[in-house]
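See the structures that follow.
Look at the two complexes coming up: subunit A is in both, with subunit B in one and subunit C in the other.
And now, the complex of A and B:
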């Protein structure tokens, strides 16, 4: 179908992009390859192509990883973060989902005004209120507690609005039938509404996970020390320790990225749709 | 029935409302209120109303002015590089007939990594005897200090941020390009339009709302710069990578000067809100046409 000229342009383009992608990925390739090497090898390989090639798998291939797992609490920090993410996903879906459903389907006084307020609240950046969050949580004596970390982050105007937009198009007659069945509204919400809206639930869940996993400032403020640290804060604590070698640092940042890569590959469809639809919706 | 319904609605909305009140409305009111006081969180009894003093002080405070200018520098470097780079990449990938999927994934990889991870990684890459200096030496370029000099630290952090974020905008733009109705291009082909004409008269106008969206979100993102300097340079050397949000955080939660920090937060918020409103006006305009 393509003309000869178009074909030639296409190949130039593909080769250009291939070369560009290698340049683009060199930090990541370097990170992966050297996370399996002792520091002496990293320095020795620096000036050759070997800097981008992992060593031959031997007995101590995973030594940096093993040292991190054995000598630091990093696995514990990763576990903490998974737990916080799970709590946040459940509470976030329930609280924001209920609010979105009320705004979509159950008229109550000023519900249209509330919708407008929710829409406007999306503009406010978290940095505006984060020092006050810190003040409130500190005054409530909740610093260094899970509750103090989770509480301010549950409600999310953007997610309320997202749920509302999806719930609004659910059929009304099912709701009426459910009421005749003595199926209470709360039960109806959990057994009918949420299962009927799997896509939005998955989208909110995935983005909540990514937010919790990658968040830095808020956990750094709430968790000042101890066993409750999140992975990102723990990462900083471990890598700023003098005894941590370069290879171990690279192993830590590789490990911390693995769960995110798993989530991205499992939910790539939702994520791409979420990313591109924020574009088309607002645009 | 109706009344019962409306009670049910309020009950469903209540948990969100309570949390919104505690963690959004109340903090917003407090930030606004504190910005006119000298509230010092370690000694709240001594709080006075000081009117607009904080606002005037902010602009006389050398460190705040510096952090403001630094943030502007970040915006000036990041916005054109990231938006332009993402656009070029999206167009190139859209035209490439092979390896499309690989390119999409390859350029998206840095987005997957958290800011703290990317910062830690690039600290190693930028280190004086690091891989980047070794690569540069092969091209006969002397070792550069990168994040260790007041001159190079800000551009170094900015370029790393562009690298990290670009794939996200690329994906949005690529989605937009693929959504353009192919019939438009076919019609142009009938009229023997050149590639440039097709780009200028079809691609650009069709993509305008997305471009505005990306321009504003990247600007706001660069405006919120914090984690990268916090991890990599601690705002240094010589406060050369100190940003507005870094200053808000330091003033409020390290020095406990909530009054001043609130003022800074209000100034910061005004900028973000204005940018968002501009974006809404520009994209609304397009829809009405």
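And now, the complex of A and C:
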């Protein structure tokens, strides 16, 4: 039961956070409102509150969006990115999950040192590693292929660590019980370990999606053909084109932001739980 | 021929100085209910886990149904196990938990359904079959774990302290249920517990272990009446057996506080001429206060002042200091005494046990007299 004083403090905190969130929401609201306006209206509203108010829905309300969808391949780029993200999520969960499981549950020499080495990899900036990745992929003749894009991105030290931290607290007797129920180790991983660790699976899935969705450098290096480009590269190409209006730019930015907002709002609970989870399970 | 045979089984963990389980020999008959009992760290669970195949056997041979199983995978040993922490699959419903093993055994769906129906019925889980483990009480979870074990028709059941997480009342009812299940299914059962009451009430035979070594194997009453050593005598029975440091000279037993009693011929014969310092052990219920026994053995009566009482309802425990030790007498509920009362009591001559002071070995061997 909260005391009166605690309740008062809670209210003050809520109001403070609401005010704070407005600061962060300003650019998003501005972007959304102006993505429906022609450039002339954007410029006219620039110095007034109207800059944050979308126009009344009329015949050409979605004109900026329609132009982007009709005149550019941005939808295709978004589709590509969704596909890469899906592949990367599945492979990332399997590969990083198996590595995390091995580090958590399978005794092998120097397993704790391995964990340390894997964690140290996290310190190395992506930009340093990416040159080597590029050289390997180029040598393997995988430039401008989906495989070349996906392969170096699957293993993620942070995800391995996340999986390991959760798996280490899974009770061993469940594995023993499963063995007596004729469940082999691979089946156990997929039918027991992953379902028992839904939170971390969701967290890794969301992180992987966001990584793929927001990644610019690696796809820019690997992909040269327009067919395979990702949304971020498409965004850059569209916004740097001098024929693109400001309204269209804002529309394309809105389009690229929407999936991220959806994912965050759907999985925010799991992300927090997954990162903070001590992994304690109940029978 | 025995169904499970332990031949000099040893377990030594890497880096450990001595064996956790040392020279374990035992033959278990088919359909027998065996309990492994002992204090924490005595090696009982390790032994059970070696039978299951979860611990490597570092010495000796283990046979199940005539086959050496030392290197055999757990699933191939024909065993089912109930774990202390239930080890249910948390993301599966009760019926899926029970059916999981059968599914993996590729049992036809219709038969799985029949078996699951049977299991949930006899375990009283019908209304919970679609619940997940987190929505069940401890007792219900343990019944699901039992259900998972019984549907697979395995010949050996291993139970690792299955009732230790339950409250006292539930433990008593589950004890009855497990005994009933054992009678109905007839599977050879090894039951590990640290609770001697569970072992006494459920098992056909009890194996008492201490520091990885078997102290005694026998039927519950055999262990109770003829403990092989002081450890077994003290472990089995509640309240614990009374122990007194005594010196035996001829037919006279002298206690540390100067009290004496005269041994009758029968007890003397059992001692077989032994004398000197030893430990006298006698159970609380064999210290008698009633008129009949006082009349019979009154010549040897002793006196003490009660320091504490426990009124159990069906009986009373009277605590007092005697012979330099704390002692307890279990008397009927009608023999009421208060703290500070002086009581007169006798030792039942035939029930006295004499233990070696150093080794703890019982000098009184099991013979036909009892």
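Rule of thumb we're sticking to: the second predicted complex is superposed on the first by the 239 of 283 C-alpha atoms of A that agree within 3 Å, B and C clash if a C-alpha of one lies under 4 Å from a C-alpha of the other, contacts with A are read in each partner's own complex, and residues count from 1 in each chain.
We adopt the following convention: a residue touches a chain if its C-beta (ideal position, glycine included) is under 8 Å from a C-beta of that chain, and two chains touch if they have at least 3 such contacts.
It should be emphasised that the depicted structure is a prediction, and the values quoted were computed from it without experimental measurement.
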| item | value |
| --- | --- |
| Subunit B versus subunit C as contact partner of A:51, first or second or both or neither | first |
| Greater subunit A contact set [subunit C / subunit B] | B |
| Contacts of A:116 with subunit B and subunit C, given as first, second, both or neither | neither |
| Touched partner set for A:192, first subunit B, second subunit C, both or neither | second |
| First (subunit B), second (subunit C), both or neither touched by A:262 | neither |
| First, second, both or neither for A:171, with subunit B first and subunit C second | second |
| Residues of subunit A contacting subunit B in one complex and subunit C in the other | 282-283 |
| Touching residues (chain side subunit B, partner subunit A) in the complex | 5-10, 12-13, 15-17, 19-20, 22-24, 26-28, 30-31, 34, 41, 92-93, 95-99, 102-103, 106-107, 109-110, 112-117, 120-122, 124-125, 129, 131, 134, 137-138, 163, 168, 171-172, 175-176, 179, 209-210, 212-214, 220, 224, 226-227, 230-231, 245, 248-249, 252-253, 258, 261-262, 265-266, 268-269, 272-273, 276, 279, 283 |
| Parts of subunit C lying in touch with subunit A, wherever the complex brings them together | 52, 54, 73-75, 79-81, 83-91, 100-101, 104-105, 133-134, 141, 148, 152 |
| Residues of subunit A that touch subunit B when the two form their complex | 2, 9-10, 13-14, 16-18, 21, 24-28, 30-31, 43, 46-47, 51, 94-96, 98-99, 101-103, 106-109, 111, 114, 121, 123-125, 127-136, 138, 151-152, 154-155, 157, 160, 185, 189, 213-214, 216-217, 221, 232, 235-236, 239, 246, 249-250, 252-253, 256-257, 260-261, 264, 272, 275-276, 278-280, 282-283 |
| Subunit A residues touching subunit C - in the complex, by the definition given at the top | 171, 173-174, 176-183, 187, 192, 195-196, 198, 281-283 |
